[in-house]
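You will see subunit A twice below: alongside subunit B first, and alongside subunit C after that.
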Partner chain A sequence: MSSQINDNGYFQKRKLRKHMVHLFLLPAAVLYGVFQLYPLISAALNSFYSFNGFDKDQFIGLKNFIVLFTEEPYKSTFFNAFKHNWIYFGVTVLTQLMISLLLALIIHSKIKGKELFKSIFFLPKLLSVIVIGFLYSLILNPTRGALNNLLEAIGFEELTRPWLGSMDTALFSVIFVDSWASIGFSMLIFLAGLQAIEPEIFEAAKIDGANWFTVLRKITIPMLGPSLLVMSVLVFIGSFETFEYVYAMQGSSGGPYYSTDVLTTFFYRLAFGTTDGGQSIGLGSAIAVILFIIIGLATTIMLLIFRRKDFDR
Partner chain B sequence: MKYKKLILFMILLIASGMLFACSDKDSKSSSSEENVDVIELNLYSWRPEDRKAYEKFIEVFESENPGIKINFQPFESTEYNTILTNSLVSGSGPDIVQLRPYSGTKSIADNGYLTPLNDVPGVMEIEESFLEAAKGSDGQVYGVPTTLNAGVIFYNKDIFEEYGLEAPETWDDLLQVSKELKNNGIIPIAQAGRAAYLLSMLHGVISPSAYGGNDYVDEIIAGNTDLTDPKMLETLERMQEIEQYFPEDFIALDDNDVQALFYAGEAAMYINGDYRLGTFETNAPDMNIGVVPGLKADGPNNPLVMNWVDGSYGVVEHSEHKEEALKFIEFMATKEFGQLFSDELNRLSAINGVEPKHELVQQITKASEANTTPYLLLVYFGEGSPTTKTVFEDSLQGMYLGEITKEQVLEDAQKNVERVATEVE
Partner chain C sequence: MKTKWYIQILKYVVLALFTFIFGYPIFLMITSSLKSNMEIFTSPLSLPSSFLFENYLEVWEVVDFSSYIWNSVIVSAASVFIVLFVSSMAGYYLARYRFKWNSFILLFFMIGLMLPMRLAVIPLYMMMMNLGLLDTLFSLIFVYVAGGIPFAVFLFYGFFRTVPQALEDSARLDGCNDFQIYYKIVLPLMKPAISIVAIVNLLNVWNDFFYPLIFIRTDALKTIPLGMLTLFGEFDTQWNLLFAGLTISSLPMLIAFLFASRQFMDGLTEGAVK
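On to the complex of A and B.
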């Protein structure tokens, strides 16, 4: 009898403990709900309404989405910004990922002062985006900027140009600055990946007579698969969510003449307007929903492709 | 048992948090109960830089109206619209609000957030064209316009004297003077183009004498012509003709960059709103500055001065202290306030009969009184998402970068006018 009571007490405690776990999740769940779920759901709902500048006006179904894709000037602005997001992604993968991989390889090799280099490369990540944007606006200034002055001083005067004021160079300049600031982070991810590879594998390859390039191609890169996957997904998300550098350096209009306009700056102009007005919360929310779908879909597809390759094997 | 205690503890924690939140409110109301005679009003503005001047205005008002305390709460201009919209929708915060002119006021008034001010003494004595900036669609006045802006050409008097040049009066004079300056190695006009609104401003200053001033404005309002009118095309020809007198790569330059050129004496002229006068006096107090308030059209006449109302102040409809807030609005409509405003900030007051203290402000005010024309794009094309003004100035950037022609600039702007019309419907 007494053991039955004890058993019951034991099970009750276990049951209670099980529920306690849920209770501990509560604070995080509340924060997640308020700051993540609520904005997400309300933005999704807003995209189905027209606004009178202040409040929801009426339910208009998919009209905001139809307007974005079929009516000018929205249609051309949307596809122009969308194109820039893809360029942003492509160039960032080529520059940021390749350079940071190279830096990680250098630091991983037995060089002196690697801790110092690691800190130096990571340093820009600690600066505020606004500070970096402002500094690079000064550096890239056509008349008194350091870059053009340097080019002139070393005899490359023909290379000087209005980096942020030309349709040809503005977007690439912004991407360069973003990559410069983010390189330290991706380098750390690659470095962690490199350190996870057993040193015996490299030694065995060396004994078999493999040169540096063969080791890189046949061992390092394939075994860095998980890190490459993480970084590719992060760079994709970052390229489609990018806003701060464009806004800090080129303003919400993505100037000059929309040459650095991306989906988030287009969203910002519509959702918040400018000092002259021009606010349209419904259309802005529709862009936010489209962005969410693009990022969600592409990330899922990338994860599926990489999973099929089965890195864990 | 332990777990029960823990659960109890967490519930108490949440409950105490709620109590704390409530107690904050309670403490506020009890403190206002203590000062039952003093009513506090919150005034929202987008002019943090004018804080000292506003504190003086408020001091004068409070000395005349004991029992009312005004809290001046300025926000960054770029954030202001969002902050104002949110506080109006949530019904918290301001009693008196600074209002963006024209379509900015109209949208807030039309949504029922503002109190009509037609019956406030002094308001209806303000110049009718200035009141237009503060009206709702129902024709009622919802704001007291305080500041009048003028788009002007500032020039460095010393440089002009050095090369024996006279301040330009007409478009041809401007080109002639610019040519002389360029030949002498001086940048004629410190123009920036990175922020597209500066191109709209330039257009507003140099164009009225080309499109025929208010006659064209009247025609366009009446719907007898539109933005693709040949007269408008002529204004863009002017914009292209004058480009040779701008700094190199001006589209990549910020307003601050070109202001620096103007201060340093590397550039002789600078085109912007008269409100830059205060900036110059802070940053280059010893600079000998002259002003051209506008360009004359052909023949003997006064220069056409491009004016627009910068902003006005209105009372929130749901304010708990509307009566007191209206008293402050009444004060803002007096000549006493107008004079204080003009003296403290060196700006053009929208109140009749104010005598500016500053010599250049006096010159601009006189010229405005003699021959004024509205900032066409801002006053009549400031509606829609995007506004036609935004489309126009962004397209001007495209024109200067060689991406589109001047005809396309006007076509894009006109197409937007037509789209906005359906959007408003």
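On to the complex of A and C.
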């Protein structure tokens, strides 16, 4: 009899212990659920409502999206910013990936001081994006800035210009600053990819008499496929999420004359700014949803490709 | 096959050029912070003629820099610690206990990895307003913790799966309960994962400008990046102060990098590749 009670007690304790195990998951799930997942869903739902200040007014279906795509001034602002995000991506993916691949190849080859060069190229990644933005607003200043002064000092006076103040160069200057800050990191990703390639493959190619460029085209780049894909998607996401560089150097309306305006700065003005009507929460949420879709699609495609590669192995 | 000598030279030329491109702006920031405003104006490129540490004292006085630093330290330390604690537990749970809903939970966390969190800032703003957390450091800590969890959970999940189960079984036989096993046996083996998660989150949180911009109004509650906005707004012609402010904001991470450059670089790379 007494042994049975003991057994029951033991059983209940075990059952309790089994439930206690869920406490491992609980804090992370609650914090993430409340402060990330719920706001994400809520942001998506908000895009179907009209707002009165920050208060939800009524359900209006797709009206926010229709206003954004068809009504001025929203329409031209939206497509202007959207275009800049694409230019941002196009230019960054070309320059940043090419330069960081070049640097990774050099550092991976037989040279002295690998660690030192790696560290120096990586330095910008340690700084806050806002610090970098502000630093470059000083460096690119037309009269007092270091760049124009440097160009003058080495005799390229005709190249000096108001880098951030002219509509022709402002967007490219912002993209340059972003690349400056990000190249070190993508170089490290490529280096990790290069180190994963077995050296025997290169030796075999050399024995077969392949020259450097053939090796690059036929072996290195295909073998770096996964790293190239990861970096392209990261650059894509970064180009559509970019905010701080534009905000620090060109202000929240992406000056001059909206020539550096991107979707996030437009979003910021709609939600928290005072121009463009301000407090247009519904329209801001619609932009958020459009960006969710664009970025979500990019990540899904990347994940799907990786999934397939895993199956192939 | 030996690399031709002129190729070697060309490589070093390229490396030197990029050393200049990456290093000079940071070097310029630090040297300019030691010049007078006049000297920055008249000779922007030359080395400082004397070291004016007064710039630092002055920037410390004109804006509330000690508060900014203190706030950044509190927010970063709290966020990183909480992310490590809750995510390692969740990762352990997912790797060790096979419940039916595990794959659903992984998917649940996956959403946060795939979507840009900052675009959910409007509902977050309203939520913080309703909770009375707007314009407090708690708003930042909650957002950074929630934002750091998905990545950290996946990383810990991956690492925990590499730890052999036999180790825990023997600990269980020795009478350890589940929490003791996690805390005493498995967690100490997780040092690489812990340092990756800590570094990735520390850099993110310490350098973030976006959430303070939206959540924080009170000057005494600003973190360093938002403090820079105040400095640049009020003293936009006193470049000596601006450079000094930028330098102070960057020094903590630059110094940390000096001591742990490998951990920083390996941590960020593995974080992205994993």
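We adopt the following convention: the second predicted complex is superposed on the first by the 271 of 313 C-alpha atoms of A that agree within 3 Å, B and C clash if a C-alpha of one lies under 4 Å from a C-alpha of the other, contacts with A are read in each partner's own complex, and residues count from 1 in each chain.
Heads up, the rule we're going with is that a residue touches a chain if its C-beta (ideal position, glycine included) is under 8 Å from a C-beta of that chain, and two chains touch if they have at least 3 such contacts.
Keep in mind that this is a model prediction, so the values were computed, not measured.
> Under the stated touch criterion, which partner chain does A:P162 make contact with: subunit B (first), subunit C (second), both, or neither?
It touches subunit B, and subunit C stays clear.
> Taking the superposition on A as described, I'd like to know which of subunit B and subunit C A:F54 touches: first, second, both or neither.
A:F54 contacts both subunit B and subunit C.
> Given the touch rule stated above, what does A:L304 touch, subunit B (first), subunit C (second), both, or neither?
Neither: A:L304 stays clear of subunit B and subunit C.
> Of subunit B and subunit C, which one touches more residues of subunit A?
Counting contacted residues of subunit A, the larger count belongs to C.
> Touch check for A:F272: first (subunit B), second (subunit C), both, or neither?
It touches subunit B and subunit C both.
> What is the contact status of A:I154 with respect to subunit B (first) and subunit C (second): first, second, both, or neither?
Neither subunit B nor subunit C is touched by A:I154.
> Please report the subunit A residues shared by its interface with subunit B and its interface with subunit C.
After superposing on chain A, subunit A residues 17, 20, 54, 137, 144, 272 contact both subunit B and subunit C.
> Across the complex, what residues on subunit B touch subunit A?
So the residues of subunit B touching subunit A come out as 3, 6-7, 10, 77-78, 80-82, 85, 88-89, 100, 103-104, 107-108, 110-111, 113, 193-197, 247-249, 251-254, 257, 378, 382-387, 389-391, 394-395, 397-398, 401, 403, 412, 415-416, 419.
> Would you mind writing out the residues of subunit C in touch with subunit A in their complex?
Residues 1, 3, 8, 11-12, 14-15, 18-19, 21-23, 25-26, 28-29, 40-41, 44-45, 82, 85-87, 89-90, 92-94, 97, 105, 108-109, 111-127, 129, 142-143, 145-147, 149-150, 153, 177-178, 182, 203, 206-210, 214, 224-225, 228-229, 232, 239, 242-243, 246, 249-250, 253-254, 257, 261, 264-265, 268-270, 272-273 of subunit C touch subunit A in their complex.
> Show which residues of subunit A lie in contact with subunit B when the two form their complex.
Against subunit B, the touching part of subunit A is residues 13, 16-17, 20, 23, 52-55, 71-73, 137, 141-144, 161-167, 251, 253, 255-258, 269-270, 272-280, 283.
> For a test of understanding, state which residues of subunit A touch subunit C in their complex under the given definition.
17, 20-22, 24-25, 27-29, 31-40, 42-43, 46, 54, 99, 102-103, 106-107, 109-111, 115, 117-131, 134-139, 144-146, 149-150, 153, 180, 183-185, 188-189, 191-192, 206, 227, 230, 234, 237, 240-241, 243-244, 247, 264, 267, 271-272, 281, 284-285, 287-288, 291-292, 295-296, 299-300, 303
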